[in-house]
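Have a look at this one before I ask anything.
Chain lettering (A, B, C, D and E) follows the sequence in which the chains are written, and residue indices restart at 1 in each chain.
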Amino acid sequence: MSMLFFYALIGVGLFTLGLLALVVQPHLLQKILALNVMGSGVFLLLVALGGRSQPVVDVVPQAMVITGIVVAVSATAMALTLMLNLSRSSPGAQLPEDQSADS
Amino acid sequence: MEAVGLWQSAFDLMLGFSLFGLAWRMLFCADLFKSIVLFITFGLLMAIAWVRLEAPDVALAEATIGAGLTGALLMSAFAKLRTLDNSLKSGQPLLPRPRLHVINFWIALLFTVLLTGGLAYAVLSLPSHSPGLSDAVMSQLDSSGVTHPVTAVLLNFRGYDTLLEMAVLLLSIQSVWSMAGMSDAGEVHTSPVLNVLIQLLSPVLILVSAYLLWVGAHAPGGAFQAGSILGAAGVLLVLSGRPLFNLKKSWLIRLMLVAGPAAFIALATLTLINEGQLLKYPVANAANYILLLETLATVSIGTTLLALFVGSQTEAVQQDQSHQ
Amino acid sequence: MIWNNWIPLLVVLSSLLPGLVIFTLSEKQWRVRTFLNIFGAVAKLGLVGWMLWGVYHEQHFETRLALLPDLDLVLRAGPLALFFVSLSTLLWLVTTVYAIGYLEHSPHRSRFFGFFSLCVTATVGVALAGNLITFLLFYELLTLSTYPLIVHRGTEEARKAGQSYLTYTILGGALLLFGTVWLYSLVGTLEFTPRGFLSQVDAQHHPTLIIIFVLLIGGLGVKAALIPFNGWLPKAMVAPAPVSALLHAVAVVKAGAFGIIRVVYDVFGIDFAASLGVTAPLAWLAAATIIYGSLRALFQDDLKRRLAYSTISQVSYIALGVAIAGPLASIGGVVHLVHQGVMKITLFFCAGNLAETLGVHKISEMNGVGRRMPWTMAAFTIGAFGMIGAPPVAGFISKWYIGLGALEVDQGWVLLVLAGSSLLNAAYFLPILHAAWFRKPPEKWPHEHDFGRHETSLALLIPPLITASLALLAGVLAMLPFSPLEWAKLISVREFYTP
Amino acid sequence: MGAQLIQVDWAVVLIMLPLSAAMLGFLLPGMARNIGLLAALLILFTVVGLGWQLTQTGVYSHVAGGWLAPLGIQLHADGFSLLMLATSAIVGVAVSIYSTGYFKAADDQRFWPTWLLLWAALNALFLAADVFNLYVTLELLGLSAVTLASLTGSKDSVSAAMRYLLSTLLGSLAFLLGIGLLYHQYGSVDIAILSERVNDSTVSWAALGLITAGLALKTALFPFHFWLPPAHASAPAPVSALLSALVVKASFYILLRLWLGLFDFQQDSTVANMLGILGATAVLWGSIQALRQIRLKMLVAYSTVAQIGYLFLAFPLAQTGGNRVWYAVAYLMLSHALAKAAMFLVAGNMMLFGGHDRIVNLDRVVQRLPVTVAAFGLAGVSIMGLPPSGGFIAKWLLLEAALAQGHWGIAGIMMLGGILAAAYVFKVLGYAFIPSPVPHQAVSVPARMQWMALLLATLAIMAGFVAQPLMQLIGIGALFDSTGSMP
Amino acid sequence: MMLADILTIILLLGGAFFFLAGTIGLLRFPDVYTRLHALTKADNVGLGLIVTGLAIQAQSWAAAGKLILIWLLVLLAGAGVSYLIANGALARGVAFWKR
């Protein structure tokens, strides 16, 4: 039982770790990965806590997470396309505010 | 049993910490390629975690979509990025360091730690037992038309969410096409071994896809998993140099992309007229309706995922050629 | 009687609708435009006349439309409202004729006349407003519709003048809005009521009411050009002459002054305001503005700028008469609303004629213009004498009543202000008259246009002659019924003081 | 006939119609424009139908799939939903017509399907009564908005769209985590059920924080506004209009609904006051930034930042100010949507006309595009909150509440914001009158593009005269009245 | 404890050993080619042992068949992919390890 909470906490950890990386990492690919990790964290929390139902686990969060995974891949595909478009016009695949002074 | 429980706990702990550690390495390493590889590994470990959490459907979706297709998309994007950005040429991990001032970094870190603490506190305050909606799902499962609860939720109880989700998928391809400018598949260098491999694998994948689709009614599986396997088969075919689609012109492709959401909308309209509520299936026909929806949704999901991949892949190839 | 409820709205619409139609006209359709302008003005005059008759016989004219769940848009024709409406309607007609002549060959006339009509709509709305929110609505509309007129010429100087005008008026509008909302949240009504509606408010709120009074008067003072809010007025002189006439005599400064009258008499009530101790500072402020405006006028060589400072000074007579808080002074202040309008518009018409016909803009260029343009300068002379306060021109009546009123309530210092200001007025008007009539004209005027038989175009000449005659008549025939003075007395009896 | 029409599920049609049209447009790219225009008109008609239905029968709700909550998903339409649906329909139709002049035929297949999906997302969002359903609509909305924002393909627009995408995804994830926590504590995602169950608990507070932060990020509340100005300024003009008028409102709409339905457990006003302070900062910061801009679209975009601030000023006021404050907010959402859409369309016209949108070089557009400048002026009146306009009504109500409660700071901020708004609106108008030192080549602007801008601006003004009936309409379902203490 | 269980445990432990060996090889070997060698060889055998161990426990022939099928698929994919990786490395001129 406590393992479910352990997974949920790992989910929280992934969420905040992703948030930190999203804020501090300059490269867009890293930001995109960070968002995916955040998403995984949220999904983990959702499904893990659904296991608190006995004897049958609660499947509604699972269905939500499947929805979420599909949304995530759509968003990732869009983000990657945008990133490539951006790096075509300015090298480095970073947002202007993250670009270091020398590049 | 105690011993088994202990081993399991140890395994869970290891898995959980590995996930966190992998995420840490992935997000804070200086080599993008390594990050992507770690991301795929992360996805596979997530799939194991889903299994541990008694969520095999999510595990399948994670392995195929989360790790597999997202990984393929990332790889393909990275390859293209490398052609655009000399600093990323292989072997030169020249990622820019965070430009944040040291103090700002520590503030961000402090904030993250506080947020983690707060959220953890909130999570731990949840009751240790909670039925959620499992009772409701189980009691209505019989009238849902399927026996697998996840499929019942996705396609019946919360079918309206899935309808909108199909719209999200359609949007994603519309978006990638309109951003990247639709291009035809270019030439791909291939090898005989790959060809043989793909010749062997493709039919198997299609078979697996069909199986997952069919089995979804009573066991883990369903449209999303089936669709993503189908998409993966397509990705393999594209990689082996088979120009599957002439994306610019083919209305057949468009039809396949639209089939899933269109089926949902058509059925929603039909049920709205006949039953008075959208996506309310008469119990007798529920199984058939769901199978129909899932079949068309599988086609659309597979095609969409493939098209998303092709949408980024083809340009990379063209860029490569222009580079040479 | 049902019809009576719509007439105030019709009065507003009679300039709004022609204005909106005029916007859509092309430059070439000047016949349609002129017809619409004149038709609207005449229709409005007719309606106002009807209402004057009705109000005199104690009929009620009130249009009420829902604006907010518990606040209405109210247009009500009381004696005071009609007083201002008559002024602006009459002068609109005259100014329209003048503007048609003045702008005969300049571009963008559709836009000009469209906003001109909107401006008059706003003024009439300000006059007829039956509560403070309606007043506010039209007051802001006035700001918005005058701005395009000020920047009409499209020069950088015009843009800057517009900017300055807005800076003042928007800030003023904000103060007014703030005060209005505050007042509403305090007492829950904004309906203009004869003798005010605040006297019953609990004594603990009196300090708040004083602040609200300051806010309201501050907001209105911007348009009324009280010090220190008058910086915009001289700058706005870059606008075409009809616009200046409008700003100074018909609409903008008058709306401010009228608002002060409304706030003092119909919101606070003069007795209550006096008991709060807010009228005396207002009187001092008005007196200071009178002297300040006159002094500044003395040193202007540009004719229109001198007139502008003169306006600053003259409009404050209204505030002064109101703030002295005596029945006779009130009559003097209110009647000056009309008197100053008629006289000042005459002066601006004449200045416009000089500029348009001879290219004369500066006082130093005015030597001998009386011989070249006798009719124009005759009108100018009447206006100037009125400003000085010489009998029998209308200005004398106002000053007389204000002075009497001041004595009535033992405010003798006001007489000093009146005397000083009249002296200063004389000091800055008489040299102009002297130069115009008794100095030799120069060989060549700066920019002379030939208008054939008359000294200038008839459309430019007739309006100042009309307004000058009105100024004269208002003074000479002050004791006849329906004269401005008699009407001001009616207002005083019906709305200001408990009989 | 009438009896049958009243049975029609107008609300469901509002979701299905744009979705089907999007698919048709995707399938038949060559006809996307005509399909889209037809759909736009039908949506307008359907909203009228829904409005009529609501006035006749009160609140409408629909049980999707025939499964009652908590198992299934409900749709719900009350006066507030109707207001937002109608606003979207009006702005949507105007922008649709405008876009036929703005986009070349070749761009149609990139614009129309995405725009129709965005419209479907908006309608679905305004009708949702289920927080997870809201999440899905929010994602559909965010992703389609990003796609539209990137349509110009310029470097600026791509980097802006990227930033927008990252922000909107982050916001969605925070929202999802919040509703996940709520679900696991209270066992439902249905708003009505949750509103009965949610109480003052740790999880409620965590969810409150996550959801509010996520939605504030999507609504671009200061200091989360960083993504908005570049994204709105670099998108194609019709898209900017949609983003500023509708998309940011959608996340605020959710915030407001959840605030009223779920988060009324919190008795002290700390969070509300904090939102108020951020809103106040947004008003000042956005206005000052707007004033400093040299490009018209950036100015208009920063003005959106400021106007969003006003929406958040309502939170501290509503603590004791009751329903009137929320009515004011609803009114502000409507009038800002109309006025801001008009302003962006105007900016698009000026860009098309002169090839740039530098304010000081507008070069007498007032004479050459009188209808467009008139639209800007009228929209500006509403943005400034001057009478008579919808913006005035809203600001009057807010100001009244602020003064009645002695919130001097908020009242002061509102006045200051109005003055600054006047400053930036008239800055533009002033330069519209004078010739530019560098005259530019004028390109003719299609009449429909000019008149659509004027139409929206005029509606923003007209909204100032119909407050009473409109508020009755908004009041259907008494969403606001249940929370208020004042009558 | 039945014979089958004992057999399963032995097979699984054997499989785990091979996986461990393969992983150590992956980490410790010096270049792409040797790493591939360690990984594919060891993992194929390891997975084979594990699949066999599990197949013994299977409820039905069908389940056992599915497990075998998985192994075959992994073999196929592993062989193909390691060839592709090695080929790609060669094509890019990744050098062989020399002592």
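As a convention for this text, a contact is a pair of C-beta atoms (placed from the backbone, for glycine too) under 8 Å apart; a residue touches a chain by one contact, two chains touch by 3 or more.
The model shown is predicted, which means the values in this text are computed figures rather than measured ones.
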item	value
Required steps from chain D to chain E (each step between touching chains, minimum)	2
Centrality ranking, top chain (CA atoms only)	D
Comparison of B-D and B-E by number of C-beta pairs in contact, larger one	B-D
Separation of mean Cα positions, chain B and chain A [Å, integer]	13
Between chain D and chain C, distance of the C-alpha-averaged centres to the nearest whole Å	42
Whole-Å gap separating chain A and chain E, where each centre is the average of the chain's CA atoms	31
Chain centre separation in whole Å, for chain C relative to chain B (CA means)	73
Per-residue multi-chain contacts in chain A, two or more chains	15, 19, 45, 49-50, 52, 60-61, 64, 67, 71, 74-75, 78, 82-83, 85
Shared interface positions of chain E, touching two or more other chains	none
Shared interface positions of chain D, touching two or more other chains	132, 136, 139, 143, 146-147, 150, 153, 177, 181, 183-184
Listing of all chain pairs that touch each other, if any do	A-B, A-D, B-D, B-E, C-D
Chain D-facing residues of chain B, complex	118-119, 121-123, 125-127, 130-133, 136-137, 140, 156-161, 164-165, 167-168, 170-172, 174-175, 177-179, 251, 254-255, 257-258, 261-262, 265, 268-269, 272, 275-281
List of chain A residues in touch with chain B within their complex	1, 3-10, 12-21, 23-27, 29-30, 32-34, 36-37, 40, 43-45, 47-54, 56-67, 69-78, 80-85, 87-88, 91-94, 98-100, 103
Chain E-facing residues of chain B, complex	90, 191, 193-194, 196-197, 200-201, 204
Residues of chain E that touch chain B when the two form their complex	73, 76-77, 80, 83-84, 87, 92
Residue ranges of chain D touching chain B (in the complex, touch as defined)	9, 12, 16, 19-20, 22-23, 26-27, 62-67, 70-73, 109-110, 113-114, 117, 120-121, 124, 132-133, 136-137, 139-140, 143-144, 146-147, 150-151, 153, 177, 181, 183-185, 187-188, 201-203, 205-206, 209
